[in-house]
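One chain, chain A, links the two complexes that follow: it is found with chain B in the first and with chain C in the second.
Showing the complex of A and B:
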C-alpha cells in the first residue's frame, strides 16, 4: 500500500501560503508554490516535526542526515515540472504498525515514510483523461501542501488486511493530531499494489498498481476484483503485465491506465535549493517526549479493561467521546461488556436515529452508569432502561427519580410476589390442571397474569421462578 | 565635468555637499545611455519615465537631509534575470519575452530600501548560459572597448553599461564566471561573493548550487558597498547563510599562491604576463608569492558541464507555457508544452537541457552526475588544504583578452574554456574578484582574479582595494560614435 497523508500544517510545505479550504480556485498562491521564475523553497519545520512524529510512532528508524530530492516529470498541474520529494534518504525506514484483522492482531511492515509536496488539481473537461480532454482547468491551491507518503512492504495478504491497515493509519494520524484524516476530503489517498502468485512460488508475481479508490469500500472491492482478475489470468496461463490500473467506481472494475510505469525515469537528484535535513537528537527527543497516546496503546487499555480485541479495536476507532465515555462509565459499573454494549449499541443507535453525532452535553458518565446499574440489578427492565436513556438524550433528568416517578421500578420482594402468585394460582385452577397434563407453555400465561396484577412492576424471571416452585 | 565614472562615495559626498543632485546625475547617466546604447546594446529596457520622479524624490531627501544611505540616488543597472516587480524579466529568452514579474528579488528589495534607482534591465546570454551575450534572443551586447568584440557573458550587458558609463554600477549573476569574465573583458571590477552570502530569491535559477548574485563596478570600493548592502540571511532562501565566524586571511605580509594549472596551456602570454606583473607589485608591498598546484582545477570544466546542465535541466522545466510566458499551441497539453519549449528556448539552452537530462538519466547518473559530485567534493578539499598554506590565490580572470564576435561560437569547447579560471570559485563556493590591471597587446583590458576562503569576502575586498590602489588602472574605453 502507498498512502499519501495530507498534513494539517498552517502553511504549505515550502512557502508561507495558508492551507485553507476554499471553493475559489487559485486563491492561496505565491511565487514559490506557483513555480514562478526565481522563487525558492524553504522547508516547513512543523511538517518535519509531524512526519518525524509519524515515523517514530510507526517504529521507523529515523534518518538523521536526510535530504530532499527533485522528482522530474512533466504534468500541467506540477508547477515546477518536478516535485520536491525524498528518494534514498527518507525520514523513516523499516517500521511497523500493529493492526487488528478479524479480531486478531497482525503487523504491517512499513518500508518508508517520506516527505513531499502536493501537486495542483486538474479537472479535465470533456473526458476523464488529459490526452483526450477538450480543455483542462488547473487549481493550484493544493500545490505545495505537505504530504507524507507511507509505503508498506508487500506483505499484506487480503483486502480485509489492507482495509484494517488504512483504518489503523487513519486513526494514528488523527490521534497524533497531524492530519484531519478525512478520506472523503482526500486527506488520506491510497494506491494498492497487487500481485498474485502460485501457492508454491517463492517469488511474488508481477505487480499491478491500482489507483482512484476513494473509500475503504472501494479499496476492498478493487483489491478483490484485482485478485480474481489476476488469478483467472494465471489459471489461463496468461501473462500479467506491470501497469497502473484505474478503479471504476460505477462499473466496479479496474482498467488499464498506462503500462510500463516501472520504467518511468524520474531522474532523481538532491535538490540544491534545500540544505541537507539534519534531525538533531534534541529535536527527536522533544518529539518523543510529547508523543500522545497511540491507537495501539489505547486499544491495549480497552483490552485490559475486559474487552475483546475486536471490541477494543472498534471502540478505539469510534469517535473520541465514545472511548472516553466508555472508560468513565465502566470505571463506575465495573462491567466492561455491558458498558460497551450500552454505549456502542443503545446510545449510538439512539443518537444516530436523531441524527446526532455525540451525546448532549448534560449527559454524564454517572447518569449512564446509573441506568446500566438499574437494569443490571433488576430494578428496572431493559426496555425501561432504553426508555430512560431516550429521555436523557432529550432532556436533563435523574434516571432513578425518573424510574420512580414513572413507576418503572420492578417488584423484587419475593414475599409480595409470592402472595400474588398464590392469588393467581387460586384463580386459575383450570390452567394448572392443563399444565399438569403437559401444556407447559401455559406457565408463560400465568407469569403474564402475575405481571398484570402487579401493574407491570414484577420482575418476570422472579415471578416465573416462584410460580414453578408453587406448582411443583 | 562628467560624474559617471566617479565612485559611489565620491558621488554621495557631492550629493551631501549639494554640489550635485541625484536628478542631475540621472540625466547625465541617461544621456550617456542615449548616446552609447545604439552601439553597445547593454540595456534591454531603460526605466526613464519613472526614474524622473524617483530622482526628484532623492533630490528632496538630500535637501532635507533625510537620505536613505550611501546608495540613495545612485543609478544601478540590473541583469535581466533578476526580478523587479512590475517589470519584464526576460532572461534574454523568447520564452519570457512577455513575462512581467509580480515580485521583487530580495536584493532588489534591499537596494530599494537604500534609495537605489534602477536604470533598467541589462542583456545576458539566454538564461545566463554563455560567455559572450551571443546567446541573447534580443541580439548581442558590444564591448565598449571595441564593438567588434564580445563584452563577455553571461552578464555582458551589466559589464558593458558600467564600462560605458550608462550606469554607475550593476548587478550580475555568476554561475561559472558570468560576473568576472565580462567584467574583465570590459575593464571593470566584478565580484562573486561566497555562495549563499547574497540571497538568490528572485534570481531566475540556472544552476542553483553555483548561482550567486554580485556587483559589477568601476572600482573595488563600490563592489564592497553594494555587497554589504545586499548580503545577509534571507528567510526566503534556505541556502542563504547566517554569518559564520571564519579565520580571516592576512591583509599585511600575506602569502599569495599563483595557481600553477591556470598559468599553463590554454592561457595567453598576455594573461600570464599580467599575473606576473601583479605578483611583483604584491611582492613589493611585502607579500609573499608562491606557486601552488591544484591539479583538479584542470577538471573544473568537465565537472561544471555535468553539474550545471543537470541542475538547469530541472530548473528550466517550469517554462512550459502552462502558467506564464509565451505559449505555442498544440493539439494536446503535452504537444503544447513541447511546442512552447521548442520555440521558446534557443539552441544553447536546449543543448544544456539535453546534456543535463542525459547526465541524470537512469544508468548514466553514476557515471556522469554522481561522478561530478564526487570530483567537486574532492576539489573543495583540495582548495581547503591549499588555504591552510596561503591567504589568497591569484590567477588570470580569463585566458585571453576579449575575442571577436563569431570567433568562438563555432568552437563550443573553446568557448567553454574561456571560463576555465573562473569556474573553480563556483564549484568550491568561495569568493572571487576580478580587477582590471592593464591592457593587452591589442590595447584591450586584462584582469587578474583573486580568491580567498569562503566567508572571507570583506577581507578579500579590502585586500583587493589595496592592490587596486597600487595598480592604478585608469584607462577608459573610447566608444566609437560616442558623442558625449
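Showing the complex of A and C:
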C-alpha cells in the first residue's frame, strides 16, 4: 500500500503560502509553489516535526542525515516539472504498525515514510468524455501542500488486511493531530500494488498498481476484483504486465491507464536548492517526549478494561467523545460490556436518529452510569432505560428522579407482585387450561397482563418467575 | 565506455523534440559526461566520506506561519490564458 497523508500545517511545505480550504482557485500562491525561476524552497519546520512524529510512532528508524530529491516528470499540475520528494534517504525506514483484522492482532511492515509536496488540481474541460477535452484548467492552491507518503512492504495478504491498515493509519494521524485524516476530503489517498503468485512460488508475481480508490469500500472492492482478474489470467497461462490500472467506481472494474514508469524514468537527483536534512538528537528527543497516546495504546487500555480486541478496536476508532465517555462510565459501572453496548448501541443510535454527532454538553458520565445501573439492578426496565436516555438527550434531567416521577420504577416486592399474579390467574382460567395443554407461549400473555395491572411497574422477569411458581 | 545511451527516451522524458543531428551530437556529449563520471568508480577511495550533496550548509527550517505573497490577480497576470480564475493549458490527460 502506498498512502499519501496531507499534513495539517498552516503553510505549504516549501513556501509560506496559506493552507486553507477555499472555493476560490489560485488564491494561495507565490513564486515558489508556482515554480517561477529564482524562487528558493525552504522546508516547513512543523511538517518535518509531523513526519518525524509519524515515523517514530510507526517504529521506524529515523534517517538523521537525510535529503530531498527532485522527481522529474512533465505534467501541467506540477508547475516546476519536478516534485520535491525523497528518494534513497527517507525520514523513516523499516517500521511497523499493529492492526486488528477479524478480531485478531496483525502487524503491517512499513518500508518507508517520506516527505514530499502535493500537486495542483486539473480539471479537463470539454463536452462528454475525458479524452475529448478541449482544454485543461489548473488550480495551484494545493500545489506544495506537505504530503507524507507511507509505503508498506509487500506483505499484506487480503483486502480486509489492507482496509484495516488504512483504518489504523487514519486513526494514527488523527490521534497524532498531524492530519485531518478525512478520506472524503482527500487528506488520505491510497494506491494498492497487487500481485498474485502460485502458493508454492517463492517470488511475488508481477505487481499492478491500482489508483483512484477514494473510500475504504472501493479499496476493498478494487483489491478483490484485481486478485480475481490476475488469478484468472494466471490460470489461463496469460502474462500479467506491470502497469497502472484505474478503479472504475461505477462499473466496479479496473482498467489499464498507462504502462508504469520505472524509477529511472523519474531521473531522481538531489535537490541542489535544499541542504541536507540533519535531524539532531535534540530535535528527535523533543518529539519523542511529546508523543501523544497512540491508537494501539488506547486499544490496550480498552482491552484491559474488559473489552474484546474487536470491541476495543472499534471504540478506539470511533469519535473521541465515545472512548472518553466509555472510560468514565465504565469506571463507575465496573461493567465494561454493558457500558460498551449502551454507548455504541443505544446512545449512538439515538443520536444518529436525531442527526447529532455527539451527546449534548450537559450529559455526564454519572447520569449515563445511573441509567445503566437502574436497568442492571432491575429498578427499571430496559425500555424505560432507553426512554430516560432519550429524555436526557433532550434536556438536563436526573435519571433516577425522572424514573420515580414518571412511575418507571419497577415493582420488585414479591409479595405485592404475588397478589397481582394470583388475581390474573383467577381471571384467566381458560388461558391456564391452554398452557396446561402445551401452549406455553401464553405465559408471556399472562406476564403482560400482570404488567398491565401494575401500570407497567412490575419487573417482567420477577412476574414471570412467580407466575410459573403459581401455575406449577 | 558505457552502454549506448537511449537518446530518444532521454529526449522523450525531458519533453524535447530533437532533430537527428541534435540527437547524434547530444548522444556523443552525454556519453562523454557519463564516461567522465565512470572514472570515479575506478579510483581507490576507501576512507573518503561520500559527499552526497553539493551544499555543505546546515538546513534552515521555516516557521509554519502563513503569509500572503501574491494576490490572485498577480498570480494569473502572466498566464498566456486563464478562465474562471484558473490557468488554461492545452488538454492533457494522465
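Methods note: the second predicted complex is superposed on the first by the 445 of 472 C-alpha atoms of A that agree within 3 Å, B and C clash if a C-alpha of one lies under 4 Å from a C-alpha of the other, contacts with A are read in each partner's own complex, and residues count from 1 in each chain.
In this section, contacts are C-beta pairs under 8 Å (C-beta built on N, C-alpha and C of every residue); 3 or more make two chains touch, one makes a residue touch a chain.
All values reported here derive from a predicted model rather than from experimental measurement.
> Determine, under the contact definition given at the top, whether A:136 touches first (chain B), second (chain C), both, or neither.
In the superposed model, A:136 contacts both chain B and chain C.
> Go through the superposed model and pick first if A:390 touches only chain B, second if only chain C, both, or neither.
Once the two structures are laid over each other on A, A:390 reaches no partner at all.
> Which partner chains sit in contact with A:38 here, chain B, chain C, both or neither? Use first/second/both/neither.
So A:38 only meets chain B here.
> Quick one: chain B or chain C, who's touching more of chain A?
C
> Just to be sure I read the superposition right, which of the two partners does A:25 touch: chain B = first, chain C = second, or both, or neither?
After superposition on chain A, A:25 lies in contact with chain C alone.
> With both complexes superposed on chain A, which partner does A:204 reach: first (chain B), second (chain C), both or neither?
In the superposition, A:204 contacts neither chain B nor chain C.
> Which partner chains sit in contact with A:269 here, chain B, chain C, both or neither? Use first/second/both/neither.
It touches chain B, and chain C stays clear.
> For A:70, using the defined touch cut-off, is the partner it touches chain B, chain C, both, or neither? Pick first, second, both or neither.
In the superposition, A:70 contacts chain B only.
> Quick one: is A:80 in contact with chain B, with chain C, with both, or with neither? Answer first, second, both or neither.
Only chain B; A:80 stays clear of chain C.
> Determine where on chain A the residues touched by chain B overlap those touched by chain C, and list them.
Touching chain B in the first complex and chain C in the second, residues 31, 34, 42-43, 72, 74, 76, 130-131, 133, 136, 138, 265, 267, 272, 274-275 of chain A appear in both lists.
> For chain A, which residues are in contact with chain B within the complex?
31, 34-43, 70, 72, 74, 76, 79-82, 130-131, 133, 136, 138, 265, 267-269, 271-275
> Can you list the residues on chain B that touch chain A in the complex?
Residues 81-83, 89, 91, 96, 99, 101-103, 105, 200-205, 207-209, 235-239, 310-311, 313-314, 317-320, 322-324, 332-334, 337, 357, 360-362, 365, 369.
> Give every residue of chain A touching chain C within the complex, in rising order.
Interface residues on chain A, with respect to chain C: 9-11, 15-20, 24-31, 34, 42-48, 67, 72-76, 89, 122-126, 130-131, 133-140, 257-258, 265, 267, 270, 272, 274-278.
> Taking the touch rule as given, give the residues of chain C at its contact with chain A in the complex, in rising order.
13, 15, 52-70, 72, 75-76, 83-94
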